[in-house]
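Okay, got some structures for you below.
In the two complexes that follow, chain A is the common piece, with chain B as its partner first and chain C second.
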Partner chain A sequence: MKRNRFMAAVSAAVTVIMLMSLLFTGCSSKPKDPGVALITSAAGANDKGYNESAIKGLEKAKQEFGIDYKVVESTDIPGSLTQLAEAGYKVIFSLEYNFDALIKGVGGNKPIAQQFPDTTFVIFNDNPNVNQDGTVINKNVISVLFDVHEASFMAGALSTLVNENAKTLFSAQDYNFTQGDAGRKIGFIGGTKSNGITVFSYGFAEGINYEAEKMNVKYTYYSDYNAGFTDSAAGSTKANTYYQDGANIVYAVAGSVGDGVDSKAKEVKKLSIEVDANKDNNQPGYVLTSVLKNTEVPVYEIIKHYKNNTLDGVKGKALNYNLASGATGITDLSVIESKIAPEGKAKWNEIKNELDSISKKIASGEIKVTNAQAGEAFDKTKLKNLSMPND
Partner chain B sequence: MNLVDNILYDMLYHSTPILLAVLGGLFAHKANVLNIGLEGMMLTGAFSSALVVMLTGSLWLGLVISVLLTLVLGLVFSFLSVTLKSNFIITGFGINLFAAALSAFVLKFMKLANINVSSVVDVASLKIHIPLLADIPILGSILSGHTAITYAGYILIIAAGIVLYHTKFGVYVRVVGENEEAAKSVGINANAVKYAAVLIGAALCALAGMELSVERLALFTNNMTAGRGFIAIAAIYCGRGEPLKCALYALLFGLAKSLAINLALFAGPISGLFEIVPYLTIVVVLFMVSVIQNRNNNVRGFKLE
Partner chain C sequence: MKNKNVILSNIYSVLLPVIIALFIGGIIIAAIGENPFLTYQVMIQKSLFSAKGILKTLHFAAPLILTGLAIAITFKANIFNMGVEGAAVLGAFFTGVVGFSLKGVNPVLHVTLCLLTGMLVGIIFTLIPAVLKAYFKVNEMVVTLMLNYVVAEVVKFLAQGIFKDPASGYVSTYAIAESAMFKKLFNSDLTLFFFIALLVFGILYVIFKKSKLGFEITAIGKNPEFAEAAGMNVAKKIVVIMLISGAVSGLAGAGFLMSEKYRFTLDFSGSPGLGWDGMLIALLGNHSPIGVFVASVFYAALKTGSEYIGLFTNVPKDIVGVIQGILILCLSVKFVSRNTGLMGRWTQWLGKIRSKRENAMSVDGREGEQG
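Then we have the complex of A and B:
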């Protein structure tokens, strides 16, 4: 009996607390213009990359235009989109790769974009908002695409340049590079085989090949697209098989698996390449560079359009951010530069100049990089100085 | 290192966390407690050791605190499932979800993408190179160049065998597992034995987690155990809770993983298929083991369990 009474008291107390919390949420006042909202991808707001730089863009816009923002971490993207639109947010950014409910509608529902025609939805990394014939499906959706294939091309060119000149660039006790032909191998580890990943890989491969052709050397490209995004230990052993086989540089586009690859690079004293944000300081001196996807730029620009009432000009469009826009590219290389030996400085400057000229050639269209994300086909037989046995 | 060396070395690398979880889990298995929370306990070990090493800079503190925290998790599991007699599977599953969520939450709270302790821990220097053994061809890569916890894991196979079959505690564990009523009737505190069995598992899972995160990578990333705790459960069932057999199955799964990773390099475009090797191995081995056990059980048409 006593126990029963105790339980009754506890459940009564719990009920009261729940009711009270209901009351309090009821009291909170609703501002008229809540501002803009952003739904993060699964990596979360503190990923030091993709999400965090988008939030930086929101913060910058808040400072300049006084527009409030809300950041939501969610596993139910369609649900959050609906809730935020209902709450009155006029611009909603969604960083997750999840578009069907928004664009086409799932489960017999109307597309979310159609349900809230006054709300502008911004999605990233793909443009699903077009029909087969190329017409726009929803007028209130903006697709943001980063030309990461161009940035990866830069990273590829840099890899060949560094690999060929490793002896002059770095002092011998810091690194343990495989020399000569055995070391003319470069690795790529991807999380899954989709256009969003191969776009990095193919651009990277073309960059390696570009410099290899110039120097008339043959390279081998090891690639793996099944590393997943979580098992950093397995990813690091996979990278190790490349390093042991002679590869000196491994590029990982696989979420936290990349952290495992960086850690292995430090262990074997070779180099890795990171992605999404500037992670050169992950393992200082062992991350050659990072291929950036700087979400800050488009987020800020779109809020600026919203502020100036010029959103109609970009609605329904796919916005491409290329190397020149600063939203994609490689890092300024300052971290790895601190490891360059004094006698290698001249060569290093030469390499940086070469990179500058490459980026100009890409901007002018003299170099054309395959964009797998846009559905362009990649032909590995055209890469004369690079063999890709695993692709 | 050539290919065979690499495969053998990686076999040990990938089987060690599984092996430790297996050795810990088999005590609970023998005591008839299904501890499905091995995965969560391993993750807690990996997370807390990395966190403590990052905050204090001391490997030893990381070891001690991660073991203590994982023991707390083990206590929660045994309190719920042994004392309160809740369902093992649901409780264990709760432990797994809780561990994954807690580590993700703390990372968010501290505004970190991962826990990187490479400035404190030099992974290369944690490897113990044994002078003479390292020079033996092929065997050298199995015997030398591994971490302290790896070696401890292999010594623990023998220790687990001794404890289980040559001590009073081991007898109690097995009696409780085989016939709890009989154990109680002779005055054995069955619940205490079950608690102890679960807690041994928790402590060893903490070691498994620490070896995975701090010792091998100097890094913790979310959900980095990636199903190893469940593979350990499969190994325990394949080996029917006998330490040596279970350890061999743990090695087998490690070998499968290592083959998948090392051979992918030479497989050309189909290298992705190798990813299924470890999982296929588990299914095939579980199937074969149960067929063989079933055949031995049939005596004159009656099935003995």
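Then we have the complex of A and C:
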């Protein structure tokens, strides 16, 4: 009989727990204006890049305007969008790629954007909010796009410039660059083969080619689009094959895979390029630069519009952040600059001036960079001084 | 009396891991400075005690019921089919292909075609390990486990290549046509797919409990040599069992795509994936159809609840991952105790100290434990 008594006790305990939980029902009270909400991408809130900078933008807006925010990590994006809109959030940022339910509606339901016309939804990296004839589908959706192809072009140009002048720029004991033609190779590691990744790669390749043509040297470009976004050990291994083959610079656009590339760069005394946030200090002196995709800027600016009641001016639009906006570009290079040898200073300033002029040429339209994200086709045969054997 | 004990010990072997997991999860929530009762209240109330919530839970339970059953049917026969995940993903992928390639088809026909595609792909996929196991005595666990990786790479290749939606910034195939989508019912997340899952559940329940095949599954599970000696064509039965499992898994993937995801992306199955969730559910449900059903709903409630935790409290939704982890741990303890008779020995030892009458009781209880 002991056992039955035990079972009875257990079931009693369960019942009590269930009832207790019911007791709490209904005593939650919600504030009138919950503020703004943000749904992170799969990388999560502490990814040191894309999501974290967006949250920085929220924090900055909170400090300045006193607008509360809520950060949500979710795997059910449509469900969370609906829940947040129902809970009364008026501006909802979604950093994840998942637009069907929001923009077009699925399973016979109205689009979420249409169900909550008073809520403004902000999506990133894509503009699905247009019909085929170019008209806007939902008036309350804002698409945020970054011209990362231009920023990558800058990084590519910088790579060629640094690689060609490595001997003058750096002191020999700090680095171990492969010299001559054997070292005219640059690597790219991407998380997956999608437009969101190739946009970085193609801009980068064009940047390398731009300077290579100027200096009349031939470069080889190795690319790998299968690194995923989490395995930094694999990133380290892949980068190593490039470095051992003679590449002096490897650019990783693959989330935390880049951490492994950076540490390998330090180990072999070569250089890596980072992405999203300013990660130049990841391995100081071995990260050449970071290609910024700073979500902080648009998040802050959109909340500012919300605060000033000027959201109507940007609703339904695709906001393009270019080099001039500061939301994309390369870092100020201050970390790598500290490694420049005294006799290389003059050359370094020359390189920085060249970068400035490139940035101006991009802004004026003199240099046109392929934007794979916007669906532009990339033709590698047009790059005369760069061969891309495995792209 | 004995029957009652069996039922009780079954309830106890399912409920106890759940309670322990929730209890430890509660301690962790308290440790990060949040109110565990409030957290669980949000979770339970939103996922089970609101009309929309329960329908959403059932919606997410539908594919889990199917993968759970797909695993239960093979595990019951002592065949360890680890390929449910692969069959579901592969089935879903080709369902997606049929979903977006055919245009202007009657919705009923289109949906039927898509579901059949999923099942067929599941069957073809499972045929490989089934034949290898039945006729060449190749360990099915190794083959099915490895095939999952093959599937992952194949669908990745196809999704990045010929079936890629060029307009999308991430790796994904085209969205399926409107006519292939399950319509949302009652202004909630629920779709017809749940009722299809229920139907399959009903069919499999009958197979398990009432049919000759159900009896044969149990017999093979208990002792395949004896089953063979008793005149059963064990090899053929193994193939049949595996193919049923494959069809059900393919259906799970197809339905999930058509009722929730609408296009194939690389994170389609989620983490840890429909098939792996199904395995946990089958274990939790003790490989019985009703157990699998209850476990699926419970598990889906945990999952939908976790989304709400993130929205309405400051507890990170990862806490549900912790609870799931502890759940798996408790379930494996159950296995250890079943395989080594640990619980029985313990009760026996207790019994020795007590009177003879009590000793008889605990042996009785031990038999229930093994049931």
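What to note about this one:
As a working rule, the second predicted complex is superposed on the first by the 366 of 391 C-alpha atoms of A that agree within 3 Å, B and C clash if a C-alpha of one lies under 4 Å from a C-alpha of the other, contacts with A are read in each partner's own complex, and residues count from 1 in each chain.
Note that in this section a residue touches a chain if its C-beta (ideal position, glycine included) is under 8 Å from a C-beta of that chain, and two chains touch if they have at least 3 such contacts.
The shown structure was predicted, so the numbers you read here are calculated from the model rather than taken from an experiment.
Applying the stated contact rule after C-alpha superposition, one finds that A:232 touches chain B and leaves chain C untouched. When the shared chain is aligned, chain B and chain C each come close enough to touch A:193. Of the two partner chains placed by the overlay, neither chain B nor chain C lies in contact with A:68. After overlaying the two complexes on the shared chain, residue contacts for A:283 are found with chain B alone; chain C is out of touch. In the overlay built on the shared chain, the residue A:213 is in contact with neither chain B nor chain C. After overlaying the two complexes on the shared chain, residue contacts for A:59 are found with neither chain B nor chain C. With both structures placed on the common chain, the touch criterion links A:76 to chain C but leaves chain B unconnected. By the touch criterion defined above, A:48 lies against chain B but remains apart from chain C after alignment on the C-alpha atoms of chain A. 193, 225 are the residues of chain A that lie in the contact sets of both chain B and chain C, per the superposition on chain A. Considering their complex, residues 1, 6, 10, 13-14, 104, 107-108, 111-114, 116, 118, 123-124, 212, 216-219, 221-224, 226, 257-258, 261-262, 264-265, 267-269, 271-272, 275 of chain B touch chain A. On the side of chain C, the complex with chain A involves touching residues 5, 8, 11-12, 15-16, 19, 22, 37-38, 40-41, 44-45, 49, 56, 160, 166-172, 175, 181-184, 189, 191, 259, 262-263, 265-267, 270-271, 304, 307-308, 310-312, 316-317, 358, 361-362, 365. By the touch criterion given at the top, residues 43-49, 193, 222, 224-226, 228, 230-234, 236-238, 240-242, 244-245, 256, 259-260, 263-264, 266-267, 282-283, 389-391 of chain A touch chain B in their complex.
Note for the complex: chain A touches chain C at residues 1-4, 7, 10-11, 13-14, 17-18, 20-22, 24-25, 28, 42, 70, 72-76, 79-80, 83-84, 87, 97, 100, 104, 106-109, 125-126, 128, 192-196, 225, 373, 375.
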